[in-house]
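Input: a single structure, listed below in structure tokens.
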Amino acid sequence: MTVSNSVTSSVSNTLRRKVYDTLEAGRSETRLERFADLALMLLIAINVVAVILESVPSYHAAYGDVFLTIEIFSVAVFTVEYILRVWSVPEHPAVKYQPAIMGRIRYMLTPMALLDLIVILPFYLMFFVTVDLRVLRVLRLFRVFRLTRYSSAMGLLTQVLKEEAANISAALFVLMMLIVLAASVTFLAEHEVQPVAFGSIPAALWWAIITMTTIGYGDVVPMTVVGKTCGAIIGVISVGMVALPAGILASGFNEALHRRRRRFENFVEDAMLDGVIDSTEHIQIRSKSEELGISEGEAADIMKSTHERAQIRSGYCPHCGKLIRGTRDKRPKQPQPEQRSE
Amino acid sequence: MTVSNSVTSSVSNTLRRKVYDTLEAGRSETRLERFADLALMLLIAINVVAVILESVPSYHAAYGDVFLTIEIFSVAVFTVEYILRVWSVPEHPAVKYQPAIMGRIRYMLTPMALLDLIVILPFYLMFFVTVDLRVLRVLRLFRVFRLTRYSSAMGLLTQVLKEEAANISAALFVLMMLIVLAASVTFLAEHEVQPVAFGSIPAALWWAIITMTTIGYGDVVPMTVVGKTCGAIIGVISVGMVALPAGILASGFNEALHRRRRRFENFVEDAMLDGVIDSTEHIQIRSKSEELGISEGEAADIMKSTHERAQIRSGYCPHCGKLIRGTRDKRPKQPQPEQRSE
Amino acid sequence: MTVSNSVTSSVSNTLRRKVYDTLEAGRSETRLERFADLALMLLIAINVVAVILESVPSYHAAYGDVFLTIEIFSVAVFTVEYILRVWSVPEHPAVKYQPAIMGRIRYMLTPMALLDLIVILPFYLMFFVTVDLRVLRVLRLFRVFRLTRYSSAMGLLTQVLKEEAANISAALFVLMMLIVLAASVTFLAEHEVQPVAFGSIPAALWWAIITMTTIGYGDVVPMTVVGKTCGAIIGVISVGMVALPAGILASGFNEALHRRRRRFENFVEDAMLDGVIDSTEHIQIRSKSEELGISEGEAADIMKSTHERAQIRSGYCPHCGKLIRGTRDKRPKQPQPEQRSE
Amino acid sequence: MTVSNSVTSSVSNTLRRKVYDTLEAGRSETRLERFADLALMLLIAINVVAVILESVPSYHAAYGDVFLTIEIFSVAVFTVEYILRVWSVPEHPAVKYQPAIMGRIRYMLTPMALLDLIVILPFYLMFFVTVDLRVLRVLRLFRVFRLTRYSSAMGLLTQVLKEEAANISAALFVLMMLIVLAASVTFLAEHEVQPVAFGSIPAALWWAIITMTTIGYGDVVPMTVVGKTCGAIIGVISVGMVALPAGILASGFNEALHRRRRRFENFVEDAMLDGVIDSTEHIQIRSKSEELGISEGEAADIMKSTHERAQIRSGYCPHCGKLIRGTRDKRPKQPQPEQRSE
């Protein structure tokens, strides 16, 4: 991200650079960039609402052409945006997008770019294939995922989910195992009394999943004593199973935030080394806290705490045990010149 | 909060000061202040109970005039309270309430003051507009929010919710996205078999929300194999979705408490610098622990732990590696004067 | 707990001491004490099972006299135990149980002693009052609470619940507030369509509670569009409400365990001051880890970690920046004798 | 695990060693070992799917012989695997498996080996006993537990569950107690109105469990006012009860990860003692981070943070308070030789 490609510099690139900056989500600085962000977000929101409303038969009959107009306009905009993104991606600071052609192909294969393609493709496919239109229309709903680009808080969420992916998968695997076992045992107990709902293990799986996730529709309920006993045990286990991901995620968020805070503390401590925080350091601390996603109140708390600790630390002389806190006893430091002149 | 407005000092202000102190929730010191707090809390509780009971047709018929009396009395009290609050707000230490007139307007626009107004307004509106009275009566229930003013534990809750607002919003956004997608996919699978419950995406949203939140009424349940498979996948995902806010909040509480504890530890460590904690320091530590919301047991634990660490630390001389713990080997510190005179 | 009453020492007291030690739960050392613990636990378990089974009409008819025998025997044992406990309580190390008579009255008013009384009282009340026997029998189930006396892991649970009581109450209060508001709003939307289930706010409260706790029976479900919209919003909010206590408790457990671990770390660090952990220190560390409820694996981890840190710390001389790690560079410490002889 | 049994070294042992290494899950290094792992995992997965599908009557009728072939082949493979495992277990580095015969018996009694036996036994039992075949077939599903052998993320899960077992048991015990009390009280309130669903405490237990675990089928619902009030209270309590294990597990994961991270930090700090991290240390740090299950991003964060702290620490001279940061002010350290020669 920090390596800038200062090699390529032509007239076309100046325009490309501008297009790239305008389309890149998040760090909008100029008015145009902010406008592009907002306009695209609005268009996505309108599309999602349109797809939802179009599914209502009466609305579809009454406002079919409005929905079609929205659709055509959106696809046009998103197609232009997609092409511009692919064209301007060599401006991306990362080296892997560098040789213009190969970089564009590499970009087109990233999940986000594929999502962009999936979102516009259904429209063009309608001209070639004659599948159920409804299915294709719903595909457009995936546009909503693009909104995550514009939120910075989503970053922490994604980071934690990524870091805890292995643990959550392990928890999910245990959940699956228990669901299969629960379905099998209850199937044995119930399949004679309820030959439809518990007619086979796959049928019993529906009940087991709805129970283990504590949803509990009640459309299928065990009736035999053995089945109810199984259900009761599964119910108690489900409390623990639902708690597992909560525990893992809580720990993941804790870790991520702890590390961020620690790096901020180090930064603050460093700035306090000379005893005071001047205005330049204040600005640096503020931008650091924003970079690490630390709220203002938190930052203020950390600074207070660091300051207190710095005072304590400077008060100890761990070598000779004397109090050398100049800030507290306002006496001039005459008793200690020997230490300085040593 | 700490900046006091010592400029304005007249006879009217002395009364205004007294009114302000009496009405300000929380830090009640005199008997009158405590009585005002309790009386207002009781009146709010009575009002909430009255609104709930009034909705029962038989009670409404039998005790209609009792409820009306309560209503008139309450509105009278709350109106007087509201006017007194607006009048006395320039006594608030914050500068922004300072120029008396402008300060009062600024105060009237704070959420809490607006809530106070909403709570009394319905009564007066009844004389002018002829809307459904029931709706207006229920508005009075919002008075219950004012009770949060009197609880100090609500402070931590509010702080954590504020600090984690961005993360919780991100989690909610993901939840919404998944609900919309789940509703759409299941709508495709079920709308032919269940044309009412899954007749459109908005209709399917009801099922998707009740499933994703693990409520699971069971009034709408997928019936096709594809629909049940979607339901099962959504069910498993919902376990993770429900875990997200729990994880975020757990981490938020952890952070908030950690920071409070750390500041308390610094305070205790500071007090222990000279080796002993005298009675003045004991009182200071107690008041600090109350200020930071640290329980007695916790405070005792932290003090024990700090004491232990202080002993260890003082035992090391990180400079020369010798044990210089004066508290352990009771020898006078003669061997070390060279260090002092060096 | 540590103050021993060494004043009273007579023959009766020697017996009283023995009775006290035998009945005190938890720290059983002699065979008799362990046997008394086990026998009482077994008797409580038998009682709970008996009360549950007795409620089945067929069992009650067939084995009524067996249940009565169990009841009479249990009440006899529990009565004797209660009397012995009250008699022997002055042996308790706490000062407040000291003047024998007053101490016994004070003990009889503790929650645990009251529970013991409630558990035996119903039997004797049967001779005097002629209320429904079933209610009295179920009261005996409260005996199960006495089992918590014998579990040490319950200690941490109780500690966390106590420390987080204020925060959990605040969360519960918010939950209640939201339930009342949800019930009221949905009552307005639904009371005309469903005049029974949503006939009044108290009736709507049942639906609101079952929804907000994500139980979702489905016996009452909103039917109007406004009602369903309210229900959907309440459902999403409920995800956050259910997460609140999880977050608070997670943070509480974290705090409690962190403090325990920290005190253990201090203890280990202290024992490592001289570089080695001898066998006496090993035994002390083990008993400390048991006292603080730290598992063996955890204790081993902490010791490894402390050892590593000790090595690192001893390697730095923060004063002159020189490496003085004797354990790493096997050179004799000749370069530093000046420091020692200073 | 680290103690190698270098004593036994014969021709048979070389083969035995190879068999042992091939069968041992997880640390597959050679191609053969990886193939054996994958083949066994695949076979287990096929078996689980086969058992599930076989329960569908139509599939059982149509493909009965396919299922039988899979069964015979699997049992053959698992039998050979079991025998080879038992035979090669003396190669296990742990001393307890050492005297070949006794070691094998000890291994056969471990839970994992017993599970392996249970998984193949049903097939052989079919020849001797004539119980319901369905039950035996479902027993084969327990093979799925063996898949946990191959996942390293399962390690953390198991560790946390083990360490928190006491606390989770305490929480479960409280849950049970509350369920029994809830069932009893609601039984008293409802047994006259609903003589079937609430006919006895055991019958009421079904409702109480389904409610307390927030599953809420809705097949049994209290109808009296007292019963609904009980249900509402139980519902609110259930929110807390479901939160308890989440809180315990969150704290457990936190602890485990914290300890791992701390040991990694110590390791990094140690490597940074000399100011730079050379390539050997880089490899050591990488392997350490993998051993402790620390993700790459986390490791990078920790290293950054440690580096920052090291810089700060070296900047302080806690002895004389002077800034001696050699890395910052590039002045040679002439001003300090007096300290060295003191």
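Of note:
Order of writing sets the labels: A, B, C and D. Residues in every chain begin at 1.
Note that a contact is a pair of C-beta atoms (placed from the backbone, for glycine too) under 8 Å apart; a residue touches a chain by one contact, two chains touch by 3 or more.
Keep in mind it's a predicted model, so treat the numbers as computed, not measured.
Using the contact threshold fixed earlier, the set of chains in contact with both subunit A and subunit B is C, D. Superposition of subunit A on subunit D using C-alpha atoms only gives a rotation of 90 degrees, nearest 5. Annotation: the A-B interface is duplicated by A-D among the options A-D, A-C or B-D, judged by over half of the residue-numbered contact pairs being identical.
Spacing of subunit C relative to subunit D, judged by their CA centroids, is 26 angstrom. Centre-to-centre separation of subunit B and subunit D, using mean CA positions: 37 Å.
Contact of a single residue of subunit B with at least two other chains is seen at positions 205, 214-218, 242-243, 246-248, 250-251, 254, 316, 318-320, 339, 342.
Taken together, the subunit A residues at the contact with subunit B in this complex read 48, 51-53, 55-57, 134-135, 138, 141-142, 144-145, 147-148, 151-154, 156-157, 160, 168, 172, 175, 205-206, 209-210, 213-219, 241-242, 245-254, 257, 261, 293, 295, 297-298, 301-302, 304-305, 308-309, 311-312, 315-316, 318-323, 338-339, 342.
On the subunit C side of its complex with subunit B, the touching residues are 159, 162-163, 166-167, 169-171, 173-174, 177, 180-181, 184-185, 187-188, 199-202, 205, 211, 214-218, 221, 228, 231-232, 235-236, 238-240, 242-244, 246-248, 250-251, 254-255, 259, 262-263, 266-267, 269-270, 273-274, 313-314, 316-320, 324, 336, 339-340, 342.
Of all the residues in subunit B, the ones that touch subunit D in their complex are 214-218, 243, 246-247, 250, 254, 318-319, 342.
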